[in-house]
Amino acid sequence: MAPLLEDPTGKRNRARRARAVPSWARRLAGPALLLLGWFAVTGFDLVSDRAFASPGAVLDAARELWGSGELADNLGVSLYRVGWGCALGVAIGLALAVIAGFFRFGEDVVDSAMNFLRTIPVIALLPLIIVWIGIGEEAKIFLITAGVVFPIYMNTFAGIRSVDIKLVEAGRAFGLGRAGLVRRVIIPGALPGFLVGLRWSLGVAWLLLVFAEQVNTDSGIGYLLNSAQAWNRTDIMVLCLVIYGLLGLLCDGFVRLLERSLLSWRRGFSGT
Amino acid sequence: MATRILRDLTGADEAAAAIRVRGLTRVFGDHVVLDGLDLTVAPGEFVALLGRSGSGKSTLLRILGGFDDEVSGEVLAARRRAVVFQEPRLLPWTRALGNVVLGLPGADVDRRGRAALAEVGLAGRERSWPVTLSGGEAQRVALARALVREPDLVMLDEPFGALDALTRIRMHALLQELCRRHRPAVLFVTHDVDEAILLADRVLVLTDGRLSLDVPVGLPTPRPRAHPAFAALRARLLTELGVRDLAEAAT
Amino acid sequence: ACGGGDSDPAAPASGGKAGTLRIGDQSKFLELPIALSGAGRDTPYKLNWNNFADGPHMNAAFSAGRLDVGFMGDTPVLFANAADAGVVAVAVAENRVNSQTIFASAGSGIHSLADLKGKRVAFTRGTSLHGYLLNQLDSVGLTQDDVTPVNVPAASLPATFSSGAVDAVVYVRQFGAAVTAQSAGSYEVETKPLPQYSVLLAAKDALADPARREAVRDFVLRLSRASAWPKQNPDEWIQKYYVETLKQDPVAARKYFESLPESRYTPVTAAFVDSQRTQAKLLADVGELPPSLNVDDEVDKAFTTELTAAFTTASLPT
Amino acid sequence: MAPLLEDPTGKRNRARRARAVPSWARRLAGPALLLLGWFAVTGFDLVSDRAFASPGAVLDAARELWGSGELADNLGVSLYRVGWGCALGVAIGLALAVIAGFFRFGEDVVDSAMNFLRTIPVIALLPLIIVWIGIGEEAKIFLITAGVVFPIYMNTFAGIRSVDIKLVEAGRAFGLGRAGLVRRVIIPGALPGFLVGLRWSLGVAWLLLVFAEQVNTDSGIGYLLNSAQAWNRTDIMVLCLVIYGLLGLLCDGFVRLLERSLLSWRRGFSGT
Amino acid sequence: MATRILRDLTGADEAAAAIRVRGLTRVFGDHVVLDGLDLTVAPGEFVALLGRSGSGKSTLLRILGGFDDEVSGEVLAARRRAVVFQEPRLLPWTRALGNVVLGLPGADVDRRGRAALAEVGLAGRERSWPVTLSGGEAQRVALARALVREPDLVMLDEPFGALDALTRIRMHALLQELCRRHRPAVLFVTHDVDEAILLADRVLVLTDGRLSLDVPVGLPTPRPRAHPAFAALRARLLTELGVRDLAEAAT
């Protein structure tokens, strides 16, 4: 008849204490592991230096390119393109998602068209882009914009569709008009989805540089990667990959910051 | 109370009303929830709606609120209406005050929202996120959200279910005060028979998709629970609700 | 007959199987004549064809030891060498008519190569188009710095030209119609014929293995015989290669094919090495290739000698 | 004192009746509009036939390639690659998302690594892939798998993070163990996110064919697109683009079907 | 009821208990919700917990359930425990029956789940999705989910708040039947003072983070509401809850 007792707060208390390391430091574990793998692969000669440069060689390349100022220049140029492309792409994707998500006729027209366009390789449209937009900065920005629109659209649209109908009803019940409903209920409710799209599209934008910077340019991180590949300078190539990875982490950190401030109302499952 | 007169009129011509429902039927699958229901509520009238769990009270309110359109029958409701849902339905991404003033136009919205929050006993909680509110606190924010408006028709779906005795008494007073001030029609769903008798001009019981009972309360206000008419009405309502063993439930 | 390169489970990770010759091809340019001419019959080894979109992708496969022999244009060969892909040129076919050319737009005022000075010229960096342009400029004493280079992916060159962003474009002659049709009044600039080669590469480790060395030698002989076949059977070749494989219009294809002289594979010649040296220098000057690149590393002298002897024995032209 | 009455069920009732056209037909509006745009652009000679083929030319090309059986063959080959790539990618992405979403240490290690790897252009790794995996079917499938893993991972992970903590608590309160929690609460709760990822990755898989089918193949829809570009056959190229679009619609339809059966419990906002 | 004896024991040595809490403190920001609370519940004891809205009742239950660990003080609770939360918290992607048998091991789970649903009056609703349930129906599914188990400790957070009078009486009977069968310790949060007196062995009132009142009920079962001791206890509890005007609230 005497039930077994336990401290219900105990287990997790202990776990929390063990997690005294700050979150950003713990998040270095992943990249650190990758670095280790890289050391191992190149150190134990699992792959020739010709195919994949070792960390040492990449560090040398970084020093060389940094010293000559090339690296900073290329990053700056690419950042400009990515910045514009993302800004435009996010705005357009968001607008389309709201139209498709909020109005039934919008869904009929926009959503199927977007699903049709989404799988079309934008790089196959490069000739068309050149004919219509030319070979200047606009073309590169357009390419990035086109790539960014879709993840933003898809995720935000799905986010809108997942907004609890009960909250929409509540909004209506208290006299919110269409604009008010979008601003106060639909957009905040779709925000988690939008942020996934944002995280994804910030990555895609950098990826698209590899294609965008094939057209009439001699700077940018994508250009650097392309030339390194042509030369088979694996040290520069791997350096570019590392930079890409770090940019990915940076974008992720940025979106995490956004999440922390925009989704502070949320109590989601955060792991055990 | 002018209840009886108004009801007589509505039978004949198009008298003023806040709700007018004729032959309302709502079916889910093969489950007939509302089965040709008729209901007229006069402007300024306070009507309590009782009924067993699952009898269709919320369904009726959803239809009157305009959130369910797969119905047959004739439905009319005041254009300016406010609903307190059975769950608080606060926007989780908006703080308490923001939820109260949601969709309110005008300049002094903030002040009115704060005042409404204070009235439901939540002064100082303006900036709380809904997830941090207790069950009763959330319910009171939802109540404040309805009370801060001045609609012609207020529908409340068990608005005091999660409140303790004292808070409940305060909310009763608040609701009565609102009715005195703006005289909206009120459709009030509750499970508490005493509460229904205490507050309403008229009490309805929903059974099997129709109003099986529709009685005016006709007691003076304030209404002493000890009044014999109070006890009689309570007994009648409880019987209608299926509680036969009065000794157990009705003191 | 092809595809599924390494799906043979017995094949070791690198080095290949003695009984199989792994061949890198582009648009069946090797496979078709060998199959059609019958030169591929009764080989003592299996032919394993692997199709690639372009030279750089084949380079990657060579680097990884996934190919024994492969064919590409002379410019990608330089890049393969610079990338230390572990290959040598074993046979070449000289093309006396260049497969690239230069188009100028209506109002550009370009009448000769020398007029390119100061003009905007579109091409694709690091490809044969680039090598070709540098050679042409060099022939009139110009360098890349004398023009405004506009680098665009090959597939976008006609669009770039028609968008009016450039005055001239370097393009594949065979598909020149795509350029002129899109831009009214455009015309082909008169260019100098240059020595140009199709090159058969062999992996160094394939030559190091006696069995595969023998297979490579045998294969080159067969290829040389097969390379004469198209000119002898123009109708069938045009149908099978241009129409069915490259999806080209038969009439235009015939006109183009007839403009081409015969081109046969021979062992590597001194003239080839010279032209590579010239081109390597031009590309190195504009930073496309490392200056240290030694073109002589492209050739395995011993094998060339061996092959020349075999050609003589088989009474094939060298 | 007499309030204005209205029929609260009226407005939407009317809207519903107007929408008697079945949903799949209404969804053709988008593609139909695109088709119209295409006709206009090529019909009014806004672009030369050499840069972008007209619908008629594309139809001819389709007939030509369909008649010779090439189109069906190429689609079949690509479908095989996409099928395997998606199956593997979805399985891996899902497993990683559950590990990262469910275990705190998993998040520390996996999530940051995935965010690092995500932005690395997988096509830049092609040389490495050839060294390690070769030039056979495996390499193509690997490329697709690598591209599919990330959208699945990202969206599922975000989906797991958005699972209401209250439901997780309820699961725990009623004695669900870790496996039970994953199976009964976490996975179903993350399903909407997963389906967005699935929709996205089905598209990405076809896109990646363009790169995967550059190496050692003479069939597949990506190969056809690449070759058409090389052959200057814009009609075949545009045909490929149209096929891509239709594949996108098909994948979307497939995911919609999944949604309808898997998310039938959901009452989300579905437009006005 | 052996309540008094057990409580005497627990003061001295380590007697059997289902809950043992010492000096429990929980702070949200600068709001001290639980302030050094002590509580012992003996095995098989039925304890009702009253308290104003926002007084910390749900917080206490969350801590005992193991869902809140940012506490100080000593907390022990039976390892085998079940919780009915203030909201139903049904998994929306699982049908009613699936929700009831969630996490249950064993072979005849299905049968037991069906039986439990029938007991709460929802026979035939096994395959309903949670979104299609009315407020009271969802609450009853949540109740069935707790009753189908055989834990040492059941914690219920206002489990009957959304039920009508008749259904509520049936659920009372159901709960009492369960207690008779398995004798779990029960911690029962309610706002209905009568309900607390009717069901519990002991009634607690939570005020300002501590138990301001802890009285054994000590009435015979069944407990007639008309019993003078019943009325006296009710008056005492209502006073403790701040309802001074007894005439209004307590008949």
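Letters A, B, C, D and E name the chains as they come in the text, with residue numbers starting at 1 for each one.
The rule is simple: a residue touches a chain if its C-beta (ideal position, glycine included) is under 8 Å from a C-beta of that chain, and two chains touch if they have at least 3 such contacts.
Since we're looking at a predicted model, the values are computed, not measured.
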Subject >> Those chains which touch chain D and also touch chain C >> reply: A
**OP:** Treat each pair of touching chains as one step and give the shortest count from chain B to chain C.
**Re:** 2
**OP:** Starting from the mean Cα coordinates of chain A and chain C, work out the distance between those two points in Å.
**Re:** 40
**OP:** Just give me the whole-number Å value for how far the CA centre of chain A lies from that of chain B.
**Re:** 49
Subject >> Residues of chain E engaged with two or more neighbouring chains >> reply: 65-66, 87
**OP:** Spell out, as numbers or ranges, the residues of chain D touching 2 or more other chains.
**Re:** 51, 127, 131, 166, 189, 229, 266-267
Subject >> chain C residues counted as touching two or more neighbouring chains >> reply: 63-64, 155, 158-159, 162
Original post:
For each chain, which other chains does it touch, given as pairs?
Top reply: A-B, A-C, A-D, A-E, B-D, B-E, C-D, D-E
Original post:
chain A touches which residues of chain B in the complex?
Top reply: 65-67, 82-83, 85, 87, 89-94, 102-104, 129-131, 145, 149
Original post:
If you look only at chain B, which of its residues touch chain D in the complex?
Top reply: 16-18, 20, 43-44, 63-66, 68-69, 71, 74-80, 152-153, 183, 185
Subject >> In the complex with chain A, residue positions of chain C that touch it >> reply: 56, 59, 63-64, 79, 82-85, 125-126, 150-153, 155-156, 158-160, 162-163, 165, 288-290
Original post:
Inside the complex, what are the residues of chain D that reach chain A?
Top reply: 15, 19, 26-31, 33-34, 47, 51-52, 101-104, 106-121, 123-125, 127-128, 131-132, 151, 154-155, 158, 160-166, 168, 178, 186, 189, 192-193, 195-196, 199-200, 203, 206-207, 210, 225, 229, 237, 240-241, 244-249, 251-252, 266-272
**OP:** Report the residues of chain A in contact with chain E in the complex, numbered from low to high.
**Re:** 1-13, 16
